[in-house]
């Protein structure tokens, strides 16, 4: 985010529609591929340097991996006559999830989440921004990373195993959304496993609970929640009756995506509650143990402090101390001490401290 | 959920509508029964291995117990021409509650809750997913467990005690929903009884409150709440005017189900509040007791520590200590100690510590 | 609620509309009275054992006190052709507040609250379920207790002091609702008085605040809130334009009821906030006092512990301890102690502990 | 509120529309004035004892100060044919803020807030209920206090400085609402000043923060919030398109009132947050200081307690204790003590306690 | 705000539309400039003292910097026939953000936020109120500060680099809004950087966390949230279909502004959560460390206190104490002490304190 702050400073007052990559520095080379399929046959052409002429007929899928080459994104945008405002959003990896109905295309920005061990070996939430454009006969996909999220979809197309009705652009578009959400679900279940491990550990050795670990998991949950929140809006709009860009026979897939979005949001809320509970249980048990510790200290100290005072009394070196000369003075002192100690113990028993 | 995470990993990128059981491993054999009733007479046929030809006329109830046989669910789905998307949801026991109006059927997924002693002897929330499909003249019920939830309904049909208007598919469908909610209410009241016991215990012996037990109950309440939450949506949609699949004369039963759903949600909210209060009361009383303990320790220690210092003073072995030789030195020292102790006691009385 | 749990167990799977009393065990005998008034003259007939023929013309008020005689409720229901679903709700004292527009009557379930000293002498919230049915020319009232809530209304009718426009069924119905809410307001103001007393007590002797009492009051507030919550829904529906069962000239009374419902809900919210504040203030002051106590202990202990160590040092019995033989050894030791004590006091002054 | 509880008890079961003053006991004599203005000339007549005949033409403003004379309010109500339900609300100073569109008038109940030093010298929130009725050519204002809130408005009318378009009843009505809100804003800014003072004081001497004072301010904020809450509803209804009683050219003033209402609500929310923060900061700093205090005590005690034990050891009077006779026994003991003390200090350094 | 309180007192009862500057005292001289552009050519005229005649044709932008000259604002208002109500809001820097559709202009009040080091060197949120008026062929901008927020926009106009469609008034208006939001985003990212620094610091040295600093940041976040909250309303209204003052081709810029507003609100919510977490983590770790400290103290004290008592016992000077004369008395005492200490250590080990 610090990097982003630098970027931000230089964009104050710039007109909207200024195409500029905003996001983490990356070193691999962004690539574009043109997938064309028609009558069950799919071909893949490289479109990184020059955008090949768009074939007529069939469905076109332009797949861009890596967003840090502004020229590439611009070239793709021109080939499909996209507005600069849309391309600006594609290039800004801090863009929130959203859906927009443009005049001749549907535009969606999503976050595909993953949860994988970071440099410290501990799980970290990463989000990869995915922008999808659905036009009459084409789908564009832009994703941040080098490794495409959509490899399985491409494989299915190339192997020609898709059924006829699955060969329209809107179906492909929905498959891409579905795959992005599948990745998110995988992240969710991994996070869930870690939370369950933490819960078991907490039950076994409660005081020594890894509070820092619980907070780390909660932050991961909150980060995921924030990424998924706008998804509600996205799917609500997809779901509205008479969508312009999705054919009616495919609305069933939209409903499926909605369903999974709600499921993810509810699961995260359950995670959040579980983690908050774990923190609360840990702190409650610390408070109770401090009370226990204090009772031990107080019991021992208040029993022995008066006794020690008595021993001090008869340890004084005054020349004239009659008790010291008594025949049973020592035993009298011991008896006094026993009395004091007994009284104290009785007092604590009454107070129900043991 | 760990099991689910394994399942999940292998489904990333799969096309929607892929039928695959997602849920806990089970060992019993799933079964299907075809119940047919017409003019007050009901017959029951086994449909586990082969689906018998569907009788014309009357109402059909196909009842599936156990979801872990994908073949069985698929067979039933084909016999009633259900879409693969619907069957995918039936097979996924992590599916959230929902309602969907399909072209020729109404589809509901519910969680029927139970609250019964688990392996540790303590109460546990279990949810059994129930999927119900209502068509023109048939009802399908899919439930997770071996023991059907719907035995009483079946008995009533077989004994032929239902009235005529009760012999339509939509009435049967609503009875199944009602029965699933009846089970949930039973779980609710059991949980409520346990919460009341816990409350009484808390009042009797507050500090020693079973905080772990309270948290366990709260988690049960939260788990139930999460399961019941989407129920609102379900009943709201059932309630909307002019429902397609429920005849108007049966809307009164829909209203009754809505009523019970709201009642359950409000009851759980009351439970949650009661448990949160119990935790708060326990922790407040611990804090107050720690304050009490500290006051006892401080009182005793600060009275005796100066006294013990004085005894130490006159216990020193310096050769030249004039006080030690005084005739009434010992008594002077005792008087000094009495003075110091009295002053301290006065100070604490003023501070209102006793 | 434990009793209810027993009832509940036996109702799983029963068809809706099964008439069965669900509620606390009661010993008095339920009664029904038929009030008929027409042209300013009211007559009251007992209808407990046999329902007398319903007079034609004028307005009929059937008033049932006590719900634990299923036969009586059923008989009344049959006399007015009420649906079993409605009567089931009347008999279930755990029914939440609600309003239903039936084909030929309006049905309301309300909770009339009272706040009166319970067996322990402490205030307790009690709710009495009131079900009201408004038909063309009749009103039915069902209440749980032996003593009717509606005595003043009956007296006014019998004494014939009502004006003409006040002699229609819908006006009577609204008066009954108004009276039930009047009772609730009385409970609210009593609870409010107790909260104010508690507040004054808290200000006078903060640490010794009766935390258990505050929590008891908060539970009362929460219980009342839960009972009143669904009231919003009820009055919203009553308020909607063109109500079927209320004549337009009486809408002003509906508005008045709405107004009081909102007032009650807002008052309870204010009570809740005040009680939460009282708990917070009490706990904050305990925490601050514990800090004070600790400072006293630490100050006294850390000043005297080093001094006592020094006295111990010169109380040792080693044969060869040169200091002991010094002429001014004792005074030197005293000076050392003064120095140490002074340093400590200075340190605490700097830390701003006094 | 205790007084109110007495009032309340006697109103259970009374029919709505019973005119009865509910509010604090007051001693001044309520007064009514009839202001009439037409063509820029305003006259003021006393209407306390007898309501003078209402002049035809021009605009009438009846201004009532003090509500505890039921006869006066009734007389005014009759002169303008107001419904008893409306007058009942005017007389009940516990009425919540609201707006009602009656057949021939618009009725608003508002709370005008003030924040002024109470008997203890500390600021107190006071609310004065203001009821306003707007008819075709008249405005009625009822307020609780002796000193009118609306003096400046009256002065402007009498001095004849208003412009022509400002001489209609609806404009006067909106000016009265505006003035009531101006008073509320003054209370808000005074409260805000006190909160800022408290904040500065907190920063300067954090532990000794006046927690009681912060809670007092928070209660003031909460009380104001509750009074202003229903204002949203009021202005929303005033704002709805095509209001019946406000001329279109004056809608701009309605918008201004809405604006100020929202501003007040948002300001109070900011106050509430600031005060909650102040409480939290105070308590956090107490907790941290208790930790500091405990560390000092523990450090001093755990260093000296073992040393004191050693001195005690060699202070024992056993006849046969070889160490006591050693030549360098004393120095050996001192060395042992130094070792123990050094070890302890090292331990605490490692634990990062200093 | 104190200043504001003075201002406020004198405005009670004033009629709405009274033009009066409410805001902090400022010393620079407010200025007005008239920018006129037509066919790609822009001219800038000073309009501070006298408003030059408005040129016909092209687009006019009147830019006012500094609001504390009521005469200047009034003069500009008259030149464009603005209502006094609108100008009153422009002059009140405490005005909340809002949007109003007037008959012949669109009026927006916004807060442009900055986050810069204040007098103490610590970051402070400052808000500058920006009021914008869009008419048929003119745009008015009023901002509080001397340094205009809109310099880059002016430069672009003067340099004539704008395209034709960018030369209409509504486009300029949207650019000004966009620039105000750009400034806000810069403030957000700066605040975000500081929060991240604080987070890193917390992880490195948790107990010594700068709690005051975290609270300061949280207050900044809350202040920003409050300023941005009404922005939702503003952009929602701008977004509604068929806006009167924005041409359809520019709706894409409205959508972009909406997008950024939502992003800002969500970012602030994330900041708030992160800071709340940081406070919670700090306090939890303090509580845990206090428990650790108490355990150390209790362990050391309860082991040595009984031992010291024993040494005291045999340090008493009674003449008749048989143990003192025993041959192995000393060693017996030592053994007793070892036993006691060993028992204590065992006890603590069992309690799992080490």
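Per-chain numbering from 1; labels A, B, C, D and E assigned in written order.
FYI, contacts are C-beta pairs under 8 Å (C-beta built on N, C-alpha and C of every residue); 3 or more make two chains touch, one makes a residue touch a chain.
Small disclaimer: the values here were computed from a predicted structure and weren't measured.
**Q** Chains shared as neighbours by subunit A and subunit C?
**A** B
**Q** If you drop subunit A from consideration, which chains still connect to each other through contacts?
**A** Drop subunit A and the rest stays one piece.
**Q** In terms of residue numbering, is the interface formed by subunit D and subunit E classified as same (over half shared) or different (under half shared)?
**A** Under half of the interface numbering overlaps between copies: different.
**Q** If you average the CA atoms of subunit B and of subunit D, how many Å lie between those two points?
**A** The separation of the two C-alpha centroids amounts to 41 Å.
**Q** So what's the Cα centroid distance for subunit A and subunit E, whole Å?
**A** Comparing mean C-alpha positions, subunit E is 25 Å from subunit A.
**Q** I need the residues of subunit E touching at least two other chains; which ones are they?
**A** Touching at least two other chains: 287, 290, 294, 297, 301, 305, 308, 312, 315-317, 321.
**Q** Once you've mapped the touching chain pairs, tell me: line, ring, star, complete or other?
**A** It is a ring, because the chains touch in a row that closes back on itself.
**Q** Mind sorting the chains in ring order for me, with subunit D at the start and subunit E directly after?
**A** D, E, A, B, C
**Q** Under the definition above, what is the set of subunit D residues touching subunit E in their complex?
**A** Touching subunit E: residues 150-153, 156, 166, 175, 178-179, 182-183, 185-186, 189-190, 192-193, 196, 252-253, 255-256, 259, 262-263, 266, 269-270, 273-274, 277, 280-281, 284-285, 287-288, 290-291, 294-295, 297-298, 301-302, 305-306, 308-309, 312-313, 315-321, 352-353 of subunit D.
**Q** Using the touch rule from the top, collect the residues of subunit E that touch subunit D in their complex.
**A** Where subunit E meets subunit D, its residues are 1-2, 4-5, 8-9, 11-16, 83, 85, 89, 94-96, 98, 100, 207, 211-212, 215, 218-219, 222-223, 226, 229-230, 279, 282-283, 286-287, 289-290, 293-294, 296-297, 300-301, 304-305, 307-308, 311-312, 314-317, 321, 323-330, 333.
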